[in-house]
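The block underneath contains the structure these notes are about, expressed in structure tokens.
By written order: A, B, C and D. Residues from 1 in each chain.
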Amino acid sequence: MIEYRIHGRGGQGSVAAAYLLAAAAFEAGYTCQAFPAFGAERRGAPVMAFVRVDKKPILLRSQVRTPDYMVVQDDTLLIDPNLANGLKPEGAMLINSRKPTEYFAERFSQRVIAFPATELAVAAIGRPIPNTALLAALLALTETVPQSALADALRGRFHGAVLDKNLALIETAAKAVEAGAWKEVAHA
Amino acid sequence: MREALEGSQAIARAVALTKPEVIAAYPITPQTHIVENLSKLVADGKLKAEYVSVESEFSAASVVLGAAAAGARAYTASASQGILLMSEVMYNISGLRVPLVMTIANRAVGGPINIWNDQSDTMAVRDAGWIQLHCISNQEAVDTTIQAFRLAQETGLPVAVNMDGFVLTHTMEVIDMPSQEEVDAFLPPFEFADALDPERPRSMGTLVDPNFFPEVRHSHHAAMGKALARIEEIDKAYKKVVGRASGGLLTVEGDKKAKVGILAMGSVVGTMMAGLEDFKDEVGAARIIKLRSFRPFPAKALRAAVKGLDKLVVIDRAISPGLGGVLGTEVSAVLSTLKNAPKVYNYALGLGGRDIPETMYRDLLTTIEDKKAPRFAVFDADLDKLAPEDR
Amino acid sequence: MAQDSENSKRLTELRMKHGRPPASPSEPRAERAETLREAQPRFRGLESGHRACQGCGEALAARLVTESAGPDVMVANATGCLEVFSTPWPQTAWRVPWIHSLFENAPAVASGMEAAMKAKGKNTKVLAFGGDGGTYDIGFQALSGMLERHHNVLYVTYDNEAYMNTGIQRSSSTPHAATTTTSPAGKERMGKRHLKKDLLSIIAAHHIPYAASASVAYPQDLQRKVRYAMGVEGPTFLVIHSPCPLGWRHDSALTVEVARRAVQCGLFPLVELDRGALTNIMPIREPRPVSDYLELQGRFAHLFNKNDYRAQEELDHLQALADHNIEIYGLRGEGVDPIDSTGMSHVHRGGPLAGRN
Amino acid sequence: MTELTRGTWADAGSSLDFKTGSWRSTQRPVHVHSKAPCHATCPAGEDQQAWFAHLQLGHVEEAWRSLVAANPMPGVTGRVCPHPCETACNRTEVDGALAIHNVERWLGDEAVAKGWDYPVAPPADDAPTVAIVGAGPAGLSAAYHCVRLGMKAEIFETLPEAGGLLRMGIPPTRLPRNVLDAELNRVLDLPGITLNLRQRLGRDMTLEDLRERFAAVMLSPGCEMSKPWSVHGAVPPDLHEGLHLLQEFYDHGVLPDAAKGDVIVHGGGNTAMDICRIMMRAGAKSVTLITASGLPGPDTAPDDVINVVPRELEEALEEGLTIIEHATVGRLIMKGSKIKGVEIVSLKKEKGPDGRKRRVEFTGTERVVSVDMVVPCVGEQVDPEAFEGYIDGAYFSPDNPYGRIADRVYALGDARGHRGTVAAAIGDGRIAAEAVAAELAGADDPVADDRPEMSYDGLNTAYYAGSSRVSVAKLPVSERTFEAEIEGGISRAEALAEAQRCLSCGNCLACDNCWTMCPDNAVIKTAELASDGSHYVFDYDYCKGCGLCVQECPTGYIQSVPETS
């Protein structure tokens, strides 16, 4: 089972990202589970969402405490020193940031990649919503779930121009990272 | 067809498959996604039903009461405070023997206000005379919802389908949605023999005096007793058509020969089963009793299920302050007639949405190894957070 | 069109089944009735044998309403005297499909019934009944919701101005200065301190198609309003002044007389509002002093204590309230009018047609 | 044991199993057909309320048939009757009494005009025959009712024409002779009635003959003889007594010369009123009526009011008659055999020590007026000749309401004394005929109708629309003659409209109030089964005795009575 934890701020689409990731995994033939850390938070507040991907039915219902992967949609969240608590030692973290990877790498023993998803999103869809770009990058890095599954998941959620722009965005984003770089981190 | 769906969305689609004629609901977290999805289905013309946007849960329950009494298949959903606001009507619905279905997206009851999952709401209406079924997954919730409609009309009793708020309602997972053809084959059109009808103008909800009230209550109780068999039969019938059952009254999972058992309702059962997988080597495998039917309470089946157990942990997601866990107390009462009844440890977990990690399996089993283990505790409460005089 | 003829066929069948006279000469007559009761030339919505007190205004009003509305209706009834006296199990006095659920939810239950009829494509009209307690007070929210959602329901409130079922406690409909068991007169109080809630104005503010007040003293007017409301698609509301001999403390024979005086003095104006706008009133030919109305009732007896200066004050206050009603609704008649508060009572040999359609 | 229903529903109308009539502890409503005041006071025994009920439904002929069940001559009584029915009418308190006599008159005229048949069958050939002495209103009524009751009647009349007082005592201005003849002849034409004119009892046959020849004998000779009049024993030699003066005038159209001067009429009945008006019209200088009674007014006790048809009094006053009330003639002032003046003295009827009223003259109130003529009109009496053994004093004095004075012998009408109206005579005829029928059948005497009268307080007037009494045209004083009828008629529309004003006192109006307002649905509407003539029956199984129907019955027909058990 692979466990993911997505951090973001209300309005950035963290829950949507979790659902998309789960849906992509489902498209790729996995079982999946995605849910938010349910809160009463409003737009702008820190939020979390969780994803589990496995080949057999997922029984566990707790929050993801020891993720294999973390996605941080907003680098300002890293002001919280405990944000990455529980990330497996062999785990990896994808951070949405214009800063270079090096800027974060020294703070964590796990692997970290900084990725300017917001810029890509603004360029592609005209809105600063980084979630699909981050997912594409994550999938490219892990290669557990193919990009086509994410595209299918997107097709289940969006249509028209929004879909087209997002499809273009994930293609760009996937190419912007090193494919299979985190392949060995975890297996479903 | 297998799909990755959010629980609420799946429930809305399952409800739509039953072709309800009247839906009435008042929004409350975490039930909202269900009714939003249903509203959308109606708005999109995918569901031909009267969707009544009421001004309170009280009216939601009243509307579905009226609708079912008038002969329509009716559905509502609520949670928490909404259930308590409905409670007066809930007693009425069952007392009038009006068949309808409600989803309870289980949530704690304030105050203090808390929007997260536990089962205090459904426990607060345990005596309301409804059939109350619990689901451990969204798949079970979908299947149980569809079964509930048939159960309601065959027993003449209202059915509440419980699913943990957020933990199930807001969770996307893979669900095998039955097809319309399957549901049509399983579920006959709604029929309520006692419905209001100008052709045969009966009066429902008459004043019953002490001369008859005990008989009325007895008959209600007896109907609940008879419903036990119906719950199992309908689960089997569903399996026959759809190929999947939801666990009848209760099912026994894990190590069926184990001397230690864990009994629970709802999604926590899944976590316990995951814990079993992960920690069986460490603390041993337990027998896990997944209780699906809380009302009617399957006493006989439960006595059979605990046979051979020395110890039984009953996980409660609600407490009755001043007594202990609700489910635990009931289980103890039911097992008290057994000669070699297991020792019951009743632990409340995850009140107000506190996350229940899979390590809890280990912690529970470890705790009861101690002879001095408490028979009841709010297990995951950190008493250090309390002032000494409040511990 | 096919639907229409289906419905009218069904209505005819129902009428025949329930012994109601045909609506027009072209309709067939009911089959021969077996008993005199069955042969009555009106629909009996509320049958004999109910347990209402002698001279119950509410029983009379409910009988008149169901007579005019039935038989193709179904009723949701709030808890209250009406429900208790009509349906002590295993008996019921109703001859219309009827359901009682709770005190405060009749409008919501009716909403559900109406939604069911809509879903099933049936034309059966849904009625909801409540007393003033169930309507002005505890069921008010549900009522407002029902009106706002525009359900095709006729809501009838039988206003006897207190919680009679539980033993005459004051409600928000209890008139100013009336004694009840929870607004007794005493050294410090002259009965209820507050005013009767102007429910009709609140109802009118929902801009529903039709809202009206009626009185058991004017059965023809009452039944006309019921028939009118029955013909309206959408929510309609009727408040019926229904004296309670027990609670108002008047002779059981005086129920209609008391109600008549309430109208004729202006304390209970009979008005009709379409979409919130006043469209009709029953003019008062010669307004009577409120004391004519009050003196018949024990609940106002303390207002006739000559040794209490407050008594005259309260009488004057009630007179001012009546005068206010007369002014704001323009109730004062302009001479003789066959449908004013005097003319509406008039009978002639062979009777009014009350109750026949 | 009832089988418990799931959800405890109950079947429609099952409350009928619960008989709430057992709650009725003290009072129950009943239908009480009280007498309407008009009916109660009608000397002829008409039930005006009953025939107005027919008119309210537009059933004119039925109304007439109902009327003539008591009074065969409504055209006559509608003109001559002082209509105590209108005085008693409860509508007086609302907006004026019903114009009963006008409608009655219209009905009578309508029947003549339309030729409606009286509701009688020809008597059998062997039916008993009753001898009737006198063809005045009493005799005619008796004959009619004999036929109505299956008997035959043979009338013996002294005069060459039938009609009696109607012809001889009532001026044509009040009762046109064509109207009288039309109605009277219709009665006389009925099969079974034989009229013998110019037959005088005592001259042409004896009472004993009649008793022998006929099944029964009815004596209605009227009062032909003026009562003796004098003032303390003094009688003017050229005395003209009122009734004969009238008859002279009707027969020959002349009055004595003295009638051109100042005339005093002494008396207080309709005859006095008629002679006053005729003399005024004939050119008297002045006519003054001296009467011991009072004029109608708020301070006048009912039994003190002058006993004349109210409208006649009204018309007489219009025409200029002077009336001195509460007075009598105390002394005649003569110059030789001519009367020159009278002394008038005030008096009052006071209750004496024995409880009976007597006249008390007040000394010191005397005043003298000069006159040319004094006409006494103090009443008439029976000519006792031919009735020897049957009469003691001025009148027949039967000791029973039927007028029976001997075995199969009855006395009717004016001959029974000062009860004095045509309607009373007609009533006597009916009652006597019924008594004869019973007597001949060997049955008990008919039982008198002793139902109570419905008072105004017993009505609920909220249910009656206001509507003023029909106004009837009257001949202006200047146009009045000896012949032309003074009071005009009313139209069909007016008659029917007036009928709508009837309050139906004491009888069911079929208004549906009880049926509409019973909270317990315990009033059943059924014209067929309501044997009391109403349209409703009480279902005492469910009536709780609240009294609402009693209160809201407009006519007082529903009353509350104590529970018997």
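Note that in this section contacts are C-beta pairs under 8 Å (C-beta built on N, C-alpha and C of every residue); 3 or more make two chains touch, one makes a residue touch a chain.
What you see is a predicted model, and the numbers here were worked out from it, not measured in a lab.
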B-D compared against C-D, more contacting pairs: C-D
Central chain (by mean CA position): C
Chain centre separation in whole Å, for chain D relative to chain B (CA means): 91
Chain A and chain D, separation of their C-alpha mean positions in angstrom: 114
Averaged-CA centre spacing for the pair chain D and chain C, given as whole angstrom: 50
Separation of chain B from chain C, taking each centre as the mean of its C-alpha atoms, in whole Å: 43
Multi-partner residues of chain D (at least 2 other chains): 5, 8, 10-12
Shared interface positions of chain C, touching two or more other chains: 86-92, 94-96
Residues of chain B touching at least two other chains: 96, 200-206, 208, 212
Contacting chain pairs - touch in the sense defined above: A-B, B-C, B-D, C-D
Chain D - residues contacting chain C, complex: 2, 5, 8, 10-20, 23, 53, 56-57, 462-466, 500, 504, 509-513, 515-522, 524-526, 529, 537, 539, 541-542, 544-548, 550-552, 554, 560
Chain D contact footprint on chain B (complex, rising order): 95-98, 156, 194, 200-206, 208, 212, 215-216, 219, 223
In the complex with chain A, residue positions of chain B that touch it: 2-4, 6, 30, 115-117, 164, 166-167, 170-174, 267-268, 270-271, 273-275, 277, 353, 355-358
Of all residues in chain C, those that touch chain D in their complex: 36-37, 39-41, 44, 46-57, 59-60, 63-64, 86-96, 216, 219, 245, 251-257, 260, 336, 338, 342-343, 345-352, 354-355
Chain A residues touching chain B - in the complex, by the definition given at the top: 18-19, 22-23, 25-27, 31-36, 38, 40, 58-63, 65, 153
